[in-house]
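As written, the chain order gives the labels A, B, C, D and E, with residue 1 at the start of each chain.
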Amino acid sequence: MSSSAPSAAPPRQGGPRPSPPVVSLRSSRPRYGEKILYAGLVLAAGVSILTTVGIVLSLIFPAIRFFQEVSIGEFLTGTSWTPRFADKSYGVLPLITGTMWTTAIALAVSVPMGLGAAIYLSEYAAPRVRKTLKPVLELLAGVPSVVYGLFAVTFVGPVILQGVFGINVGTFSVLAAGLVLGVMIIPTVASLAEDAMSAVPRSLREASYGLGANRMRTVLRVVFPAAISGIAASIVLALSRAVGETMIVAMAAGGQARMVGSATEEGQTMTGFIAATAMGESVQGTLAYNTLFAVGLTLFVITLLINLISIKLVNKFREVY
Amino acid sequence: GGQSGGTATTGTDGAAAGGALAGSIVTDGSSTVGPLASAAAELFMDANTGVNITVGTSGTGGGFKKFCAGQTAISNASRPIKEEEIALCKAAGIEYQEVIVANDALTVVANKDNSFLTCLTVEELKKLWEPAATGTVMTWDKVKADFPSEPIKLYGPGTDSGTFDYFTDEINGEEGASRTDYSASEDDNVIVQGVTGDKNALGYFGFTYFEENADKLKALEIDGGQGCVAPSSDAARDGSYAPLSRPLFIYVDKKAWTRPEVKAFVTYFVDNDAAIAEAAKYIPLSEEQKTKAKEEITALG
Amino acid sequence: MTTSTVEPTEQPRRLVAAANGDRDLTSLVFLVLLWGCLAFGIFSLAVLLFNTAMEGAGRLDAQLFTNYTSQLRPESAGARAAIFGSLLVMLTTAALSIPLGVAAASYLEEFASRENKFAQLVELNVQNLAAVPAIIYGMLAAGFAVLIGLPRNTVLAGAIALALLILPVIIVSTREALRAVPREIRQGSLALGASPMQTLLRQTLPAAIPGIATGTILALSRAVGEAAPLLLLGGLVFVRFDPNGLLSGFTTMPIQIFDWAGRPQVAFQELAAAASIVLLGLLLAMNALAIIIRNKFSSQR
Amino acid sequence: MHSGPSPEVAGGAPVAPISTNISVEGSHERAEHLVDSPHAVMTCTDVSVYYGKFRAVNECTMPIARHEITALIGPSGCGKSTILRALNRMNDLIPGTRVTGQVAFHEIDIYGKDVDPIEVRRRIGMVFQKPNPFPKSIYDNIAYGPRVTGMKVASMDDLVEESLRGAALWDEVKDKLKQSAYGLSGGQQQRLCIARTIAVRPEVILMDEPCSALDPIATSRIEDLMVELRKQYTIVIVTHNMQQAARVADRTAFFTAEAAEGSGDRTGHLVEFDKTVKIFGNPADKRTEDYISGRFG
Amino acid sequence: MHSGPSPEVAGGAPVAPISTNISVEGSHERAEHLVDSPHAVMTCTDVSVYYGKFRAVNECTMPIARHEITALIGPSGCGKSTILRALNRMNDLIPGTRVTGQVAFHEIDIYGKDVDPIEVRRRIGMVFQKPNPFPKSIYDNIAYGPRVTGMKVASMDDLVEESLRGAALWDEVKDKLKQSAYGLSGGQQQRLCIARTIAVRPEVILMDEPCSALDPIATSRIEDLMVELRKQYTIVIVTHNMQQAARVADRTAFFTAEAAEGSGDRTGHLVEFDKTVKIFGNPADKRTEDYISGRFG
């Protein structure tokens, strides 16, 4: 083996030379550009805080004016919502039941369908099949909600629900709106969940297969748990989209706020109410108009609560890496 | 803003004459007036290609909010401006002029195959629609004894529409006074569908919608005290279709009026009122109304 | 050393699955369920497309692209202003949201430590904003526009609403993509004397591009199809000119479709369906572009 | 067993290069008992493996003798891992991989039509080069295999302890069985993976450089364990460590890869397969001799 | 240089266990010239490293001599990788890691206030245990370092070739420099990573088991290379392979980890640091002797 002469002064060779002994370990370059970039990143991150502050401010002041006239108790527990009728009452529960129905129906459709599709695409489908089908499925999320709204009113309600299944729904129903809403958010669930499962290292799958686990068990017991945080995130996103979706429910769920007792009834959701009022005839600044912000604030708080619960859930379910 | 101050070129002063005019005019307001204003804008722009007119439909209230903030030159309204809005404009220093542009007639419609509904009195309509009817007046015999005991199915516009405000005011005596157990929709097509699909259904909306769907629906005659009158242009204009006919307005910002394209557009709107209304299937101004409109323009300066 | 409680497997004569194969009943049922899930989504899409195409096919002509909307001539009206409006709004939204989102995600994922209070606050905000309904962003943008004196119905105001709306989605998906980049790659880069910023720009971000592109395109396609926040900014707009800047008035495809769908004339209904097809085509093109980008980058691995 | 440091080293005097000192320590005793045609649990006949169009291994034929340890050695990239993965159809999981020829397990072609690859993998276990514990607790990592294969186990706790002891990991983790396996060092993780494989008691265990992340002490424990395990199982091991092959393997297969004419692709192939004592003592092929003596490259 | 297979092995007769055969081959010649207090490029003084509350390495003091190869050996989990990463602040990247004591580089504390960790890593390069090529072409992998550090290079092509030759990879990849590095085998990838580090010409190169994924031929080439490189660079290598340490290292540090009282956590510490010939020939500490003779565990 090569063993050189003891090196007091090693022979130098061509090419770049090693750095001479240092005097300082300070930056060799000032990197001002990087500092500016870094400041930019921090600012960009700060935008999300500003957005939240902006939302709260733009909702809270008109809402306060509303609650100066209507007690919070009446608002939260009243079962009648007729701010534009002569006999006014301001109980938000009808809007909330409407939202709950459409959301529950939508999730009942999108979570199983979306996760099923995600599992199939990430674990079963051949690469070429996945490459074709995934974008097709993603298209569902891209279909504008206005088009879905039309579809729900003109097709799902009258043709599918009444015609095919013989369900006695009117022109509007939370069922038709919820179903279509569910179809719309399938890719929200599927796409993120698939990404999360695909990100699970292959070595984990190999370990499982190497132990004699079949595909189904590998999927359910290794891949799925390993991807649970991404999967939970996908469901939360779906949930918040269902609660917050406006056009479909505005067009298909109904325009009348009422306590919704069953899926075949019509009912107005919180978002549907906001859209209607924003485009409506109410004089701005009046109590009737400020309902907009009271409902908007309620919607905001509800989605906030959903989200806090889901963050808790994610932490609980996640297996520590 | 890019459009309210965007008068780069000077146009010929006066009525719509040639394509020398340029600039943009922002209008917003009632969704009832929207199609009429759109028709006027379209016809005007055909003759004046340099002018861009946008028509928003934020609702009469939303329109006034922007109007009184100086963001629009013209506000479309299906009702006269209200106290609160007057105050708003005043506070912002916006001076304006109301101009009457057309008429609307709320039309009460029933299914084509319905045999017993042809004419309703205002009292019967009230019985049918008043708040007290909620949950009690559920079959037709409750409205009038000789009607059959069939279930009532009602359709109406969303509570945030000017149509709702106007109908409840005229029939039930108070804006917003209405029974609550009916199907409400922002989309009048749904009312058309609902009534078409149910023999015992009844609904109401603007005359335009009826005109478009006259083959599918039956418009009811209304007895306002002087006998049954069917909704029609003439009946609306001469006031015999009472109390369900109403005037429609535009509000013009006096500052915007100094811009030649605005002046030209508003003048064009009033001068060609009959053609515009006919094209948009609205009810044109009567002679007196037209005179009044001209006076209102003169008041603008 | 080991005395096993479990004896090694019997001499196998058969290697056919007992109860644990991929072809046992549970696995097959599971697989069929998965197929069903995927088929449901795709079948729904097919029905929707077919239904829309059947309704809109008659108006899927050149005029749809070259003509402006018309109040008076629905038979020849087009979606030109809405198409340009959607494109301009989308570009503006992308220009606002992608740099912001990627930058924020990079900061959170690559620079902020877990203990950093500011980063924790940002993270909490991003998580919550992801759950905030679209329509609330409309209310925010409306308030913001009033605050800075920006007319609400402008491209810029609309794009701000949509950019803030999709910002959390972009941040979340970018972070996921960054996280999926193996740690070894960062370590390798840093060990060569690259700064964290160089590592981010030259290794981590490029490696994450496929993931970022997927998330961003999903987010943008959501923005393009979104109508609710824009409705709060100015309602439906009758626009007969191409938007010509960030402060220009505009309408977008979804709003135009919503407007047409609510008109009484059948011709407008048809137009709405035809415009839906165009909008779907636009989204198809966006998705195709995304896939091309994704494949190009992932093949470099 | 081990003597102290060699006096030669202590004196600092030049000694012969390491590569000539390979001792077939464990095997030599057994070597006399090894039959020439053993009972083969598995047999490869003309096995070639392709990644897409690229042929990584060409026509390999060799038996895997029952209750013996077979070592696969050879330079990097010669296809050792590839052929190993072909033995339990792990290759199925890499899209585009194709195997020709026959891999028989108890005379059944594991690539046959009726064969379930899952059943194959259950009976032919595998330990990988890089540690790949599941993101679960240490306990659940071990219990996973028995659970998913529906193994009947009297006491899972006992099985877990036994498996961990077998992998020389028990003492280090016995107090934190419920903690995540990701908290372990690389070496500990790899031993956990070995324990996990032992837990399902397959008939054949394939090991792809199982000790490359282990220190000598743990390595020697694992080697002891392999020797112990061969009483009940058949073991195939890929290793870069020729001393290891010499110490534990009964038979050794030497692979190499040569560039094909024209293309830059190197296709691996089996050069020599024989008893370990023969391979290290008296190789038949010049390339084998060069390789084990360190002359080959 | 290498003799043929040892006749003892060929005869199949029992030979002494491998662990006693460690030869300090390369070093012994140099050993005589090694001064007792060399010029230390780096010096660790009472360095402890914590992962959160867990102390992984306790109070380590040792010099890293200029133009020498220093080996860190010891059982798995004793903190070799941890201390190595502390030498160029790679630990900064693991949240919750804390270093106390002093790590001096040319008498400057690299954890000092004014020190830029980027500059530290530029001057003190690192090769990792798992190959970590970038998802780029082979060429770009090599060129990356020179580019980002703003190195002035006459011809990048030459530098790339030179670096690849240095890592004994040139012949295998010269025709596919523009292809993705991910297409290489594990061994090839690791050699690429070594080439990449060489390309930025750091003053010190830290290597964490750089050969654990390499076959003996490539390993020996790398070892030759290390010996060659020490003429210009200072090298610190973590290895499990004691033969390797003996072959290439001038000085060797032996670490071990003992469980602290009460807790199950094992804290690593430096047991003995000396010239390699001393460590392998005549260790001062009983534990060192036990470890290198294989008795320790």
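Keep this in mind: a residue touches a chain if its C-beta (ideal position, glycine included) is under 8 Å from a C-beta of that chain, and two chains touch if they have at least 3 such contacts.
Since the structure is predicted, the reported quantities are computational estimates derived from the model, not experimental observations.
Chains that touch both subunit B and subunit E are the following: A, C.
Using the mean of the Cα atoms as each chain's centre, the chain most removed from subunit D is B. Rounded to whole angstrom units, the spacing between the C-alpha centres of subunit A and subunit D is 47.
As a whole-number value, the distance joining the C-alpha centres of subunit B and subunit C reads 39 Å. For this pair, subunit B with subunit D, the centres built from the Cα atoms lie 85 Å apart.
Each of residues 31, 57-59, 62, 186-187 in subunit B touches at least two other chains.
Counting partners per residue, subunit E has 1, 25, 118-119, 122-123, 130, 202, 247 as the residues that reach two or more other chains. Counting partner chains per residue, subunit C shows two or more touched chains at residues 17, 20-22, 195, 198, 235-236, 261. Per the touch definition, subunit D reaches subunit A in the complex via residues 88, 90, 93, 95, 118-119, 121-123, 125-128, 130, 132-136, 144-145, 147-149, 180, 182, 193, 196-197, 200, 202. Residues 1-4, 6-7, 10-13, 15-19, 21-29 of subunit A touch subunit E in their complex.
Residues 126-127, 201-215, 217-218, 221-222, 225-226, 319-321 of subunit A are the ones touching subunit D in the complex.
Those residues of subunit C whose C-beta lies close enough to touch subunit A in the complex are 17, 20-22, 24, 26-27, 30-31, 33-38, 40-42, 44-45, 47-48, 51-52, 99-101, 103-104, 106-108, 111-112, 118-119, 121-122, 125-140, 142-144, 164, 167-169, 171-173, 176, 179-180, 195, 197-198, 211, 214, 218, 221-222, 224-228, 231-232, 235-236, 253-255, 257-258, 261, 272-273, 276, 279-280, 283-284, 286-288, 290-291, 295.
Residue ranges on subunit A touching subunit B, taken from their complex, read 80, 82-88, 153, 170-172, 250-251, 254-256, 258, 266, 276-286, 289.
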